[in-house]
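Let me begin by handing over the structure; questions about it come next.
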Amino acid sequence: MELKIENQTHITEQRKSPSGFSVIWAEFRRDKLALGSLIVLGLIIISVYGTSLILDQDQIVKVDFLSIYQPPSSTHWLGTDYGGRDIFGQLIIGTRNSFTIGFFITIITNLLGLALGLIAGYFGGWVDSVVMRIIDFFLSLPTLMLIIVFVTVVPKFSIINFVLIMSLFLWTGKARLIRSKVLSESELDYVAAAKAIGTPNWKIIISHVLPNVSSLIIVAFTLNLAGNIGIESGLTFLGFGLPESTPSLGTLVSYATNPDVLQNKLWIWLPASCMILVLMLSINFIGEALKRAADARQRRG
Amino acid sequence: GGDTKTSTTTKQIDQAAFPIKVSNNKKSISGGILKYGLVSDTPFEGILNTVFYEGDPDSQVLQFFDEALLSTDENYIYDQDGAATYKLSDDKKTITLKIRDNVNWTNGDPVTAEDLEYSYLVIGNPKYTGVRYDSQMSMIEGMEDYHNGKAKNISGVKVIDPKTISITFKEANPSVLTGLWTNPLPKKYLGNVPIDKLASSDQIRKAPIGFGPFKIKKITPGEAVEFEANKDYWNGAPKLDGVLLKVVNPTIATSSLANGDIDIASVSADQYDQAKKLKNISLIGKTELAYSYIGFKLGHYDAKNGVNVMDNPKFQDKRVRQAMAYALDNKSVGEKLYKGLRVPATSVIPPSFPKYFDKALKGYTHDPEKAKKLLDEAGYKDVTGDGLREDPNGKPFKINFASMSGGDIAEPLAQFYLQSWKEVGLDVQLLDGRLHEFNSFYDMVEKDNPKIDIFAAAWGTGSDPDPSGIWAKNAPFNYVRWVNNDNDKLLKEGISAKAFDEKYRQEVYDKWQELVNDEVPVIPTLFRFGLDGVNKRVKGYDLTAGQGFQGHLQDITVTSKESEKNK
Amino acid sequence: MSKPLLEIEHLTTSFRINNQYYPAVDDVSLTVHENEVLAIVGESGCGKSALALSILGLHSNNRTKMNGSISYKGTNLLTLNDSKLNKIRGKEIGMIFQEPLTALNPLMTIGKQIEENLDFHTDLSRSQKKERALELLDQVGIPKPEVTYKQYPHELSGGMRQRAMISIAIACNPSFIIADEPTTALDVTIQAQILDLLKEIQKKTKLGIILITHDLSVVAEVADRVAVMYAGQIIETGSVEEILNNPLHPYTRSLLNSIPTTHSKNQRLHIIEGTVPPLDKLPRTGCRFSHRIPWIQNYAHENQPILHEVTPNHYVRCSCYKHFHFKNEKGAPIINVSIKG
Amino acid sequence: MSLLKVDNLKVHYPIRGGIFRTVVDHVRAVDGISFELNEGETYGLIGESGSGKSTAGKAILQLTQATNGSIKFLDNDLITLNKKQMRAFRQEIQMIFQDPYSSLNPKKRIIDLVAEPLRNYETLTAEEERERVLYYLDKVGLSPESLYKYPHEFSGGQRQRIGIARALTLQPKLIVADEPVSALDVSVQAQVLNFLQDLQEEFKLTYLFIGHDLGVIRHLCNRIGVMYRGRLVEEGTTEDILNNPQHIYTKRLIAAIPDIRPEVREEKIKERQEVRKEYQQNASSYFDENGRPFDLKPISDTHRVALP
Amino acid sequence: MLKFVIRRILIMIPQLLILSILIFALAKAMPGDALTGRSINPKANPQEIEKIREEMGLNDPAYVQYYHWIKNVAKGDFGVSYTHKINVVDVIGDRIGNTVLLALCVFLVTYLLAIPLGIISGRYSDTWADKLITGYNYLGFATPLFIFGIVMLFVFGFYFDLFPTGGSVDPQIADGTFAYYVSKLDHLVLPTLSGALISTVGISQYLRSEIIDTKVKDFVRTARSKGVPESKVYSRHILRNSFLPIAAFLGYEITGLIAGSVFLESIFGYPGIGQLFVKSVMLRDFTVVNALVLMTCLATLFGTLISDIILSIVDPRIRIE
């Protein structure tokens, strides 16, 4: 009973579970909150980066004694601070700076974490041991303290330096996360299969393992990004933040440490606080949606 | 200026804005506890001894239970009203102190001449690592030998009888009447603690004693000290039952004043708006022994030879310096930024020395036109047409400005200076684009970091009017590295024996102030008010006499049991 | 045959996918008697587990809808609330799952997990419970019950775990057991032991068992009756001999024919083309198997296929079985290929 | 002619412990096995889970480092080859994996998956590449539309066929098939088994077929090796093993295989009980004092058993 | 177990050594030293300051200074604080009690809040209660601790005048009396609540997702099939398994608690080591800075050790030989 498979067309009624962007898009369409967040975030970013091109930072941080602590008015939409500087301008530039800072910290830490996580997870063995020891070491460090010490050590305290210092301490979590995922991915047969057909290790890492951890990375990235916005505010409060000539959301929020400002001059710190809140929330909601899209089990039925 | 005029000027400045003492017509109650707020964002260190303490918080604790033997008048010159009286020898080199009989340590021991000698022996001891061994100390006869371990005693410090002591200097110097060390150490109490262990000993940290109007009842490390009245105080038992000193975070100082948590606390400029609205406190103020300035780095300190060398060509033309001074509007800074708590400085001797402050000096008032003219004259013109001046050779003229962080106002102030100079066409940039934290700032300034062209700083002058420590040719603290023959001559004259003649000394210092004003090695920018918020139940608090509570602490009373609240 | 223990009638279990409900178990009726093993076989995804979980109401409520009736000893389980169901779960009906490692709590000792069953259904004292647990472990052939009692799941081999699983299921002397692929994850040698054990227990206690598997040889070894499921429906049911020796439905026949045997050596195996469509893509009318046997003309299939009783107690869905034949390489029909080669 | 000769192959995985994570012991996954594969035959390796079957297969492909022994492929000892020399042999030996779901990268299209080995070894134009891929897809019975689809769009059997196509592109002589059908439903399993047989004929392949389902092994293999705890306990032709098992472990294995005929049920159970009894009584005589199976000894031309 | 502990402690040594080098190098790299600021008194004699510098060894090559320092540290002697003039150990000793107390309270209240919140929102996910808690979590994520602390201080400390606004105890109450401890607690309420309400967020959110993950595990289904009532399914199976990862991270909490106390102590004028640290950095009191960093690192390492031991007790799969 020789049976021959003929043309397969009639059986190609395959399981078409959607992949990649279509899943994400479907998730966003389902989750109105995430979609709204995406729109809000997009609008904020476009308008902030757009406006900040027009705004003159020097002009905004210019001290003007004639308009100290002015409440919101038509000339100063959100009033001024104790240096007579326009809060609205600072809010825009500050949002831009804070977002940029958060963005780059996230990028750097994730890239670093990704590289180390991939290497440790893929090669395993002593490479993994070494990387894990390093990660454990960093995890046991009193991060805030060391960041403060670092901040006092750097000669020039600029956004770049700040990003670098923060990144130095924040990559470990990502490396751990990615490592454990890569570790389990590397045990899957497709890696062995690629080895068997003679694909070199670096190529396996880049073209096989990486795409399979990408959804995790994207999710981690967004959620980190939310956490890293306004990350400088705490340091500003303690007196180790960015100079005021580089406005940031943290600086604006920190003005609230003056009780007079906190109680009577809401226009100075409230908008920045709301901005942090809105940015964080919307990024978070987007991240949650991405997470659901990446993890079939959590997908909303 | 003459002395009479000077003092009126001082009064004008002081009283223009704030009363110098509280006025309270209510009837005092007997006893009561005064709550004193030590405004600091960090706890006090707890080195509760005049010889060893370093931070200001500790000195605020000290003032309640310890004092110097000699008290000062409003010019910070020693008078005869303190726990000891003094006599100056005819050659002015020897000063003899006689301690009153009823001056006793709070543990009952009498304060003796040996106690004072002991404090000299401690400060001069090679093992002493504090900061009190200063230039005046080394002027005492035999002190250097003792300090270098060549002698067991200081030949210039002689105990004549248990209550009398004399101190002899190598040269006559009028500073003896303002800067002489008169804080004794309770030798008997501390005697068997080795000198290098003193600062950490329990006698100083846990149970320190003094001979002031109050004595320590309980120390809660870092946060509070409870004092009780020292009934045996030589100047009469204090009227209060005690004082409670509490560390108060600057951000909440005003709020604490408002709800009566504390009775007295200093008020900073950023809290002033709030504080002045409070109905339960009165604000009293006084100019401090300090001035802010902007200095030009004119050279460097040659440490090997111990002299300043004025070799930086950048600001040798004094017209540039003057122009930069004219460019600044210090009046607005004081009024707007500091809410009137600071006033434009006209000299490098603050008005808190009524005798020596040269009120005739006008200083540099805001005059951008004049600044521009001076710069034009000096050849600094804008040849490229970008609004910024080039140097006489047509090269870009860039100035790096170093300024300190700290306090809320530092940043806009620095920005304002930059703006002001820009208006007259000078390209001044903040060094490294940011304010520098205290330590880094002084590290760079002290080491003559070549990146610094000009810098903003402040001097606390101490109560000795002699400016040599900051201005002499060989002074390492002459941060601007200004070297000038007239300057050296005048400084010498100011502390010569002749200068014991007040009139003469005033003239010398007037001349000196004019010289500095004309040469502008530094631009004096602001004099500052120290402002205290005082609860309305406090009676008798007065800043006129000497420093702080000195001399009248025992007379302060309260007029109600509880502090008044702002309701 | 003795009295029926479990009677499932027109059970439909639907899952929510994209806010729509799709039946995974579609109008299934079954009866299991005392002392009887009913095997449910079928390809992966045909709804076997869904059916098993429906019986004890173990699907999450907010994503599942169930219709029909499941009557156990006369009570309709579908109408019971959770606390009433809990009186039946574990006590009356025990359940054995496929993957013993994940089905056991990694943080609890085997002993505790067995005792937990007793906790809620008996009022034995602590020591009695322990005694019972040891007895159970012994009963399922665990060599050192005292040791295993204190061990954690990860410390046991797969076979041991599955034995522990069984001892949990039979702890309260249930009269019914549902075993969802109890041996699929195990080696053949272990599988044989476990199957023998189940058989042995059944003999002793007259259990009714639903055994879910996709391995027809396993069915042959233990089942009394067989229900073949396809795409949520039962397409053929009958005694084990009937089904294995005289399969009627094209699906059953194909299934049997694709098993390699000694005789198939160097011969080609029969293959069933295509796959079971996923729930939301499943055609709900006509013969659900028809698209996998395209060479059988459409007229051969019923529009709304029903179960026909062909011989006593041997039912088959859709009359296409009458027309079914295997085909050769030219697509020409081969009629009635002998099944056992 | 022998294509592959495995001699005393050992693979030990280190167990680390102690302060400096030094090696304290080894998992003896494969502990000295020897067998030969002749060109064109199918050799079955069976044994219970964890007996080292996969490890042996992986060692032959150099996917895991052999601790000891030699693996001679056409008289070249693969173990001694360096990376570069090994590259040439990689093409000759290929592997099919157990789990069709995890052995294909879900993020890659079929064309990329199947062309990957070609890209590794040859430089082809896109057109040539496509043609080659299509050729092999056709061989395994997949339609050209499959080219640009992703693995999840295929059923398990189809995926397994993709994996096979991928292994074939390098035109290997030997294919190590590690339980290629055990994750599949019977219906699908049949497809794959048929293919393996077809392809063997067409491409003159030699198979090392790893499995634990004796039915499948029996269906496919000419010779069978039975593994137990990292060692071979019995080896012989399919008939030798199935009809004349000598080692107690082999006997147990065979007795455990369920029979599709319900009528022989009782017999099977009895048979199993007998084997169990025998096992209980004299299992120890089949193993040395460490519980390790003995070396194989020939009992006929084709049949070798690990007896003392 | 003992062997494991010893091994872990041995591993800590190189970690601490590396950290000590790092922190020492950093301290040296900071501009200025403890004596820089003294020049603010114009009468201070710079030669004298230089002499003190020399005497304190501040002019020695860095490695010599490091050697002396680490040698003493090994003996438990962290040197003398430049600003406080007493042994660093004493400086820290004065304050550590407060910080430990505060951290402990924050820790306890955090978990007391987080665990029920996490359980509720995990168990009843997608209900209004869950949404409420998740909303609170989001807000908490976005609110900086210091802003929240300040608001708490002004609302409850000043506006309602319910709690003290600074310090760790009412200084007028005698040590050791009952009132003294009440006053200590009274002073702890605001900082503790502020800290805990913010740090609850991360844990409860984490717990929630753990529970949601565990809920669908096979063994939970097994438990249900045994007829275990829902509440017991949670208490016996889901919760215990969900707490594991939290227990695993307990040790690293210490770093977070220290960071939190830096803020809380600054806001509430609570004298502890967080505040001490900030001040010491500003004053370049290296000995104190170094000691504090080393100490917290050591504490974290011990925390992780304890956390691992706890984990090995709760999780039988982790074996400690």
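A, B, C, D and E label the chains in the order they appear, each numbered from 1.
Criterion: a residue touches a chain if its C-beta (ideal position, glycine included) is under 8 Å from a C-beta of that chain, and two chains touch if they have at least 3 such contacts.
Values in this document were obtained by computation on a predicted structure and should not be read as measured data.
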item	value
Chain E reached from chain C - shortest hop count over touching chains	1
Shortest chain-hopping distance from chain B out to chain D	2
Highest C-beta pair count, chain pair	B-E
Centre-to-centre distance between chain C and chain B (centres being mean Cα positions), rounded to whole Å	92
Chain centre separation (chain A, chain D; CA means) in Å	46
Centre-of-Cα separation between chain D and chain C, whole angstrom	31
Residues of chain A touching at least two other chains	3, 5, 8, 14-15, 152, 155, 239, 257, 259
Sequence positions of chain C contacting 2 or more other chains	268, 270-271, 274-275
Chain E: positions in contact with at least two other chains	30-31, 150, 154, 266, 278, 282
Touching residues on chain C, where the partner in the complex is chain D	43-44, 158, 187-193, 195-196, 199, 214-218, 220-223, 240-241, 244-245, 254-256, 258-262, 264-266, 268-272, 274-275, 340
Residues on chain A engaged by chain B in the complex (per definition of touch)	61-63, 65-66, 68-69, 82-85, 152, 155-158, 239, 242-246, 257-260, 264
Complex interface listing, chain E residues touching chain C	217-219, 221-230, 232, 236-237, 240-241, 244, 314-317
Interface residues, chain A side, partner chain E - complex	136-137, 139-146, 148-150, 152-153, 155, 226-227, 230, 233-234, 237-239, 253-254, 256-257, 259, 262-263, 269, 273, 276-277, 280-281, 284, 297-298
Of all residues in chain A, those that touch chain D in their complex	3, 5, 7-9, 12, 14-17, 19, 129, 188-190, 192-200, 207-208, 211-212, 214
